[in-house]
Each structure stands twice: as C-alpha cells, then as structure tokens.
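Each chain carries a letter (A, B, C, D, E and F) given by its place in the written order, and its residues are counted from 1.
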C-alpha cells in the first residue's frame, strides 16, 4: 500500500532537531517530524515537589507539561487557560513524557532540583506525544550538561537514550509514524517509548476500531523498535559534539 | 516466591460482583477485588456530546468519570472539587474506561444517547482502574438491557465482553493482579483490557524501575490473558440469567 | 394518614450502622436510613487550620465535607469537580455537619490536630444531612478511640452523643424522617440536631410551601426529639463494647 | 445586664432604610442596622433557570446572591473572585435570602421572569443576613411595583411582608439583634425569618458554645417575633405611599 | 455644543468625597463624580508579595483590586466570583490603580507592608477608573497617616498628589469627564493620571471610532490637566486638617 | 549614549516577518524583533460573541488572546492553565491587540464571523505587545484575503495598516524599541499603536520611576511615529505581492 504522503509502511517522516531553540531555557529543542513541530524546553527549579520530599522518594524530580497552541490543529481549540482547566488529553500525555524522562535519569543525582520539561506543540500533524518525548530528551540532555558545567550536579545522571514513535494499523496494514490523516482512520494506535537497547519504557496501545491479537501487537512492536532505532540515531547526530565533550 | 498475601504469582485476588448496587442508576455494580472496592454506575443522557454531533462521528456515545473517595487511600486525599480541578491520574484513568466500553459497543445503535459510566472508588488497594473496567461492563450491560426493554434502542449494541487486569514485575518475577503493597515496589506495571477472545482493547505498560524487553512484555501479556479469562467467567456468572433473557 | 411506605407519622425508617466500613480511615461507618446510604469517614491531620491558629480559637479542629455520588439521586448530577466548584447545597450541609461534631467535642483536647469528617452519599432517598450527622458521630467516636489508644490525645474529648433527624409537614400532618417522595411535597422541612439530653445543637426549619406558627414548630420539635432519642439508642448499641472499653 | 452599646436585652439597634439607593436597579434599598450596612438590589431577567423550566416547578423564580466587600469586616477578606469560588458562608446565606423572598411571592405570577436579589455588605457589624432579608424585601417590593406599572406582570404576586432578625444567648441571657462583638461570644445564635402574622418562614439556630433546651428556644423565638414586628413596622413606614398606590 | 447633562465641554461633573466611609478600613473614602459612586478602602497586610521579596524590588508594596457591584450598571452583570474568574476589564483597571498609587509613594519606606486598595463601584455612570484613582488617593492618605500615628512607618512615604480624569472626543469635539451616555458614542477615549505638578503618571488613549492625530492628543491632554488640577483642589480640601496635622 | 546592544537611541532592532508560519491557520505570521519572537495566528469562527449580537453592535468581531510559553522568559513562568486563570498582564495585553485590529477593520463587512487572533510568545526579550500587534496585522491580512478568495466576505474590510512599537526613557534619554534589559530600568514606558498616516489608535504610557511632562510625551510620540513608519514599511514589503493581487 502506498501511504497518503507516498511513504512506505515502515518509513518514518523526515525528522529535524534544532538545538537551543529557546535562548533563556536551560535546555531546549525544536523537533519537527514531517509537518508536526514541537518546542521542548527544560527548566531548573531548585526544589522538589512536596510529595517527593515528604515520602523521601528521590533526591530530585522531573515533571512535564504539554500543551497545544490554539492553531496547532485544523480547527482552533480553546485554550486550557480560558477553560480554567487542563484537558484530559494533555494530562494523559504530559504524564507519559514525565515518566519517560524519569526512566532514563538517576533522580537521586539531581541534588534536590526539579527539571521541568515544557512541550508546546506549534503544529500537530499526528505523533505529537512521540515527538515531544524524542525532543524532550534533547532539551533534558542540554539542561543536564549545563548543570554539570555549573557544578550544580556532580555525577552524570542520564543513563540512556529515550525516544518514542507511534505505530498504527490502517486497513489491516501496520504503518510506522502515522500522520494526522492516517491517525484519524487507524484501527489500532500504539505509542512506544524505548531506550537505545530497544527495551520498553512505556507502551500504550488502543483499539480504536476493533480489538487486536497479541500476535499483531508483537508485529507492531518490532516496527516501533525499528523506528526508535532510527530516531536515536538522529538524536546521537544532533548531540554529536556534546557527547564527546561530556566524557 | 510467596506473595505478601500468600497468593501464587498467577493467582488473582477474590473477585465479587454485586449487581444493582445503586437503586436509581440505569445500571450499576459494586465490584470487589480483594480489599479494592469500586461502585460502577451507568446513566443515560438523551443527547450526544457536541463534538460527536458536529463531526458526525457516531450515533451515540459512552463517557466515563473516575474518582476516589477521600479515604479510599491510606492517607486522605483532597477532593478534586476542593482543588477545583480533576487530577491528572483521574483524567488518565477515566479516558481508558471510556475507550474500553466504547470498544465493545456499536455506538451507532445508541440512538442519540450518551451512557455515562461513573466509577467511584470506595477502597483503593491496587488495581482500581482494572476493577473499574471489569465492573463498568456489568453496569453498562444492565443499562443496555433496560434500554432494550424500554424500546429506547432497538438493536442489541454490545458486541463482546470486556474486562481488565494488571500484571506487574516485582523483584524480577511476573505477578498477576498486584495489590497496593506490591504495586508500590513493582519494577513494571502493565494494565491490559481484553475481550472474551482475549484480543487486546487497551494495553498500558510502564517501566517504573527499569526498562523491560519485548520478550518480558510477551510473558506478561500471557499472564494477563489468563487473568482476564478468569474475570470474564465471573462476569458471565454474574450476568447469568440476564444473558439468557437477552436472547 | 398512612405514609407512602406504610409508616406511621412518628415512625422512623429502619436504621442500620456498619462500623469500620473503610479500612484505611481512622474511623468510619456506613449508615443506612431506609434506602438512604452514607459513608462517613474520619481522618486525622496533624495540624489545625490557619485561621484557628492565628486567632488562637482552639487547640484542635473538626471540619466536614459532604458530597453526593453522581448517581445517588434519581437523575445523574454533575460532579462538583467537573463544575470546578462545590454546590451551594453541599456547602450548607457540610457546615452543619462540622458544627454538630464540634459541639460535642472539647476541641482544646485535640492536641493541634484536625479531624476531617467525609460524608459521601451513595444513595439519597431523603434525610442525607441527618444521616450524615448521625453516622459521622460513629466515625468520630472510632477515630477518637484510636487517638486515645495511640496516646496522641490524653484526655477523652467527646462530651456527649449527637444525632439528627428531619421532621416535615405534609398535607398539614407532622411526619418524622421524610423520605425523598415525602420531602418533595412537604410544606415545612425541619432538621434538628440534638444531644442525648435532647438539647438542641442545631435547628434549621424552612417553610417550603407556607409559613408555620411557633406552636407548630413546637410540635415538630417534640417529634424530632422522639426520633433522636431512638437514634442515640441505635448509636449506643452500635458502639456497645467500645463504650465499655473506653471507661 | 447592660449591653456593649448600652442597649436593653430586647432592644434592636436603630434601623434606617434608604429606598432607590441604586439608580439602575429595578428595585433597591440601603439598609442600616446600627453600623451594619447592606445594599440590596433587585434585577429582572426575562427567563427562568433551566431546572425550574425542565421540572415545570413554577412560572417564575427569585434567586439571591450575597457578598461582603473586602473591608466590610475588621480584617480584609480575600474576594471570592480572587479565590475563584464562593465561600461556604456566602453560599449558605444567599440560599436563605432566596428562600425567604420566594416564600412570600406567588412565583406563578412572575410570568417567566427571574428576579435577582443582590445583597452586598458594605459594613458587617453583625446581623448581615437578617439585614439582607429585611432590606431585600424593599428592593423586591419596588421591583414588583415597577413590573406592575410596566404591565409585565398582571396580578400582584407579593403575599405578605417578610423580615428577619437574630437573637442570641450571651452569658445565659437572651439578647435581640446581636452586634459583632456580642455575636463573637454568643453561646447560641438564632436567625429567624417571619411574616407579618409572625409565622415562621425560616429558622436557623446553632449552639456555638453549649446545647440549649427547647424551652430556651421558645423564649428566643418570642423575642425574635417582637423584633420582627418592629422591623415590619419600619418596612411599612418606608413603603408608605407606595403601599397606597398599589391598591 | 451643549452636553447631554447641560455641561460645558470643559466642565467636570460635581465631585464629592466622603472620608472614612468604611469604619473598619485603615483608610477609606466614598467618591462621587456625578452619579458615579465608588467606595475606596485601604488595608494593611504585614508582608510583601513573594515576587517583590524574591527580587528585592522594594521594601513594601501597594496592590489594588477593582470590582463592580452587579447592579452598578444598566443591566445586571454576573459576578466574577460566580464566573470563577476576574474579567479582563477589571484586571486592566486594577493594574492602573495600583501603578498610580505606587508612583507617588516611596515603597521602600513601607516597612515590609502591603497596602491593599479596594475599589468597589456602587454606580457606574462613566469614569469609574478615574474616580477610583482619585478616591483611592484619599484612602491611601488616611491609611498612611494611621500607620505614621501608630509608628508602624517612620518616614512619610507619600511624595505627591495623584488624581485622574477622562477626556473624550464626541462628534469631533473634545469633552472633559465623559458620563456613560457620552462614553458610549465617543470616538476617542483618553484616561490620564497626573500629579499636582501636572506631570503624567499614566496615559491610556484608545481610538474607539477612528484614529486621532498627535495634535488632537495634545489638545486632550491640556483639557485633562485642567480637570486634574480641579480634582487635586478637591482632594486638598477634603484632606485639609489632616494635611496640617501631618506636618 | 550607546545602548546595551550597540544601537542608537532611535534605532529599532532588526525585524523579520515570516508569513504562513502555521499551516492550518487561516492566516499566520512569525514576527521577530531582535530576540523577541511571537507566533500570530488568525482563525475564523462563523458567529459573533453574544454581547455583540444582543446589542447589535456590529456585523462581525475580532478578538485576541495573548500568552507566553513558560520559557519565553528568563525564569520559567507557571502556565495560566495550571493556575486556572489568565494573568492580569495577559488580559491587559490581549485587550489592546483586539482593539488595535478592530480599529482598522470595518466590522460590519465581516458577515457574522469572528476572527480570533492568537499571539503566542516564544521568546520575550521586551516589546512583545508591540510585536504581537505588528505581526497580528499580517495574520489578519492573510485571513481576510482567504475569506475574500472564498467569497465568504464580499467587500474588502481592512481600512489601513496598523503597527506598534515601544518607546522608553532610560537615564533621562528617550529610546526606541526597548529590549528586556532596557525595559527593566526604564523610567517611562510608552506603547503606541498607529496607522500608516501615523494617527494614534492606542497609546499607553506609564511612569515606572517618576512622572513625566507633556513635553516629554510629545518627544516620545515623535520617536514612536518614526519607528512605526519603519515597521509599516516592513509590513508592506512582507505583503508585497498579496497587496498587488488584492486590487
């Protein structure tokens, strides 16, 4: 099957990462996946949330917020600030972003700091949660480097790469990295977050149209792993010199 | 390994379903899974949400809300109504409940009605989202039967059973149906929603401690399928006579 | 006149109290008055509200919250958390519950703690505020016993029993303990909170249909006293052994 | 006992009513009871609330809102609009005001209109809820006259006078119309709303310090009736010519 | 051109200032400008806002809040507390009031206190923001005198007078102090805040109908200066004896 | 005086406009003024606000919303959606943007539509409100062209150009287009919105440090006019071909 935009089933859209997109942030990146564009920014707050402190859970924390600009979508959406509450979808997504970043960081090395990850979607052509995770890693990386350089943390806390992609089933065929038009009519929608060894950090799959077998899930996971492997290659390229400097 | 409460790794806690728990609801059930207790109620609203109507997406809708009573947990939690907003966790869970119910119902047969599913957790000893889904199915079933009897819908819209369970990895071992104490120290936490043919409706897995392999996921899914098969047996038993009447 | 459910005018519905209904709460009870069902839970917070502290009003505090589950009523009500604010009716009721509990407790003995009373109505067939007060007393009692046993308070602070009932005037006749159907068409609606010596803690009477004389109020109060006397007997029975242990 | 401000136990503070205080309102009054000052305004909205319409409860409605200016009190209070929610106390009071007005009006004659009563407290030296009710009656009266003159309603809907006062027990003595300093240390606080025939519309009594007997309540009610009789005399005087015109 | 109320183009409406209007406030005034009436109250809070403290911006602060009573206007407006948020217009106005007061006070002398200025509009017949500023100065003045008398501040912090007026262009003619009817059809609306030396503290001009030239602005400013000169004369008269005492 | 970034007092920072920045919006632009970057998007809603409709004010409407991304600033700001309310500053700014756009459009030609202008600040290095207005004009222009092409409006409604800049006084010197570092220590801050004929649409000036004379204002206005003349040249260049097509 030829896809809406001419891609092969296992072909990801073009990915571009622009580092240091926001001058004031401690770390930031603009990630583009096809037409989808997300600004990811990392900020440092010199304290941890109350519940972490009270429960002695960790020596630091990473928290994420996700939002769409009103015209990121085909029709304008009303701002959460106007409605006075965060939408259920935003809540769901920002919780995944936060968990994904925390999964590759040794929080105990964060020295009583919280790193805030802000993902603001400029254009939403499908795959914004996956793009947010892949881009947030770059922002987080820059931020941690800055903290290391400023000696605010003393031991390097990032343990691995993390990236995410979506896989879907459209007309019984398994496709990598759905764009909005494909996503709309997908029968199954799967988001996968993985490390560089292609172990799973987070998996979320939903039968939009009809239930799917464990076998089909397995097939989709293999395709996701392929895509994430590609994305981590792009992350490595983007971070290139920084990686060397780090050592 | 012997578990905290003496269960075997693949053993679910005792499950009890009390039908018609709330007299005024169009359908309702109290579900108990060990100490966990959730009241599930189904209500009928004679209209569909605006976005469904505007986009012509379906002829009916199912929406869910999930909440914890303040003392469902070990320490009292502040009510969402006092904070003035729904917590991110509640948002995330109620979205899964809604999707799970919609996955087994032909919404086009709902005749411009919305069925509201309310899940209120009385005691939260782990597995509340899975219990909510399994119990909501009973409430939904009763509600649909009532609508059929009142001729408000004319064709039977429920296509399959749906139930959910959690599987986790604790100290490298895979366990079925985690209680709160196990959940707290789980390395992986997986929630699975399946139909009677053990096809997947929703899968959500998170590496709390460390990433897990695709192989480990596969093993966990098999255990989840075992548990869900058991749960659907309990659902069948609970609905017994109603099932016969329905035909 | 024979009442809707066959009761005599001065007959209360059957009252059942289940102690320790919520395992995690410091004290709890399920109270049933006919079909009406309310979960009452008491929680301990190791500090007093700011305004109490600043004004040096008391050495401890008791605060109450009251809420209806969405399907406690004949038609589903929208959650306060969705509306983002507590309804006026809930506000009014939870203030009475709090005042009623505080009236029988020597707050200065609470040792800088706040006891939170949560009343969550599972089924609302009339009389929920009265049932909440009568049931909250049991939860409060259990909670205080626990604090005494743990030596968190050293002198017994509860001074008396407290229970509440409603009395109404329907078709010119005075009735005890109105159910929802009676309440709907009552001309006068009176809620009374009393101690074991049948002194008044709180009285709230409203002419729904037409004003009533001081003489009629007097007659209604006598009937309320009769009902409350009955309720305190039930409380005593429920607390039986605990009462003995306490001494 | 001589009172803080030299009054006798059964003596009310000086009451002044200024009609038409707000030029744009359909009816309005400034009521002063000693230092307490409340602006009452009546507004007409040409529709009834949804729940009244849906339930076919009445042909019109009266709704009230009550608020304190930030410096009506000894220490500044934070505005409800800043907190984003109405305080429990305001909620409780505005519900009584609404019920009191509705009790003397034949709502079916209001011709699908809602009359809004706004009570804004400029100075709060005790007794603001009673003053709000007594003053709101004047605003309501003016508003109804205006509607009659404009032929927007055709049959006169007000059935009686309504006024309110507070009675309290301070150091075992029963006092009429408590000022703030007396209210602070009252053992019992009773608010009574009555018609011109001294029948009860609303009664709210709270034991602040210790429970009180039915006999003591009776004594307090007699004193309240005395006060309300005085207040209705003042209302009559204030409305004087309008009363004549009305016939 | 003769104006709607018979005034000359450069004629201000009658201005009346009543000092000490709110007995509990540390300073207060009722200001009337024609039919427009605003209550201004000043309160002292013994701390500064967090952002001032953190940034070390000043040794004290002045903050303002502005609100309309629901029937200050021709048609009833819904309370901000009911909507759960402050309107954009109120936000805009209260920010100007705050800036205007801060401009004439040496904040460093306020000794870690915040002075809150509350402006509550009783009747809104145009020019409420200007009246609020002119009246707030009186409340501020009283408040500062009280703080001086109580030795809570030791050096006199008010540096100058401050008053405000509006100027508008209606049918090409420049008019001082627009009333509501004029404001509604004004082509240009200009609000000016000035000191006693007629220097500008704040200027806000909006072309409601069509853009205006720099020359026209200049002409309007001259008229505003004339009006403010008049207002400061009235402030001086109102403060008369206090001014002498102050020295 | 040489400025922080080497500019002359009357020199604006480099301005870049990128048209069609947001693919889904009916009109959009990214405007950069030095490091300040704002995304402006125009959206069409096929109805007018209720108050416009009810009061018959106009045949269409333009409304604006303004927001900062959390890391647009030196330190992360909490999202309005998290606080549940729009900040006073955002409210103030979005009202100016809306008024500025409405001032150059004949609303009666908008055919019962509302054009929403969304300004989202990516980087805030001073002058964001001025940049928002200048950029919004481009988004509005594109949007109107689209509506003309689709024959949704039939007569061209834009009457003039509109652009804005800030002027400030720093150390007694008048400077054009303040960057953040200059703005922080400005004694006077003036924002001016003008048309192509350099007539004023909106003027807002605030004495941050000390009051300023009418003469000084005049001098600042001349500098603002110079800057706006420059900006409108840039707008013309950006719209180049579109302008020709339009005729």
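Quick note on the criterion: contacts are C-beta pairs under 8 Å (C-beta built on N, C-alpha and C of every residue); 3 or more make two chains touch, one makes a residue touch a chain.
Everything quoted here is computed from the prediction, not taken from an experiment.
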Problem set entry | Lowest number of touching-chain links that must be crossed from subunit C to subunit D | 1
Exercise. Comparing each of B-C, D-E or C-D with A-B, which pair has over half of its contact pairs in common by residue number?
Worked result: C-D
Problem set entry | Averaged-CA centre spacing for the pair subunit C and subunit A, given as whole angstrom | 50
Seminar exercise, completed: Here the gap between subunit A and subunit F, centre to centre from mean Cα coordinates and rounded to Å, is 33
For this session: Let me have the rounded angstrom distance from the C-alpha centre of subunit B over to the C-alpha centre of subunit F, please.
Result: 50
Exercise. What are the residues of subunit E that contact at least two other chains?
Worked result: 84-86
Exercise. Considering only which chains touch which, how would you classify the arrangement: line, ring, star, complete or other?
Worked result: ring
For this session: Using the touch rule from the top, order the ring's chains starting at subunit A and going via subunit F.
Result: A, F, E, D, C, B
For this session: Using the touch rule from the top, collect the residues of subunit B that touch subunit A in their complex.
Result: 84-86, 88-89, 91-92, 94-95, 99, 103, 160, 194-195, 197-207, 210-214, 217-218, 221-222, 225
Exercise. So in the complex, which bits of subunit A are touching subunit F?
Worked result: 22-25, 28, 35, 39, 41, 43, 45, 65, 67, 69-76, 79-86, 116, 118, 120, 122-123
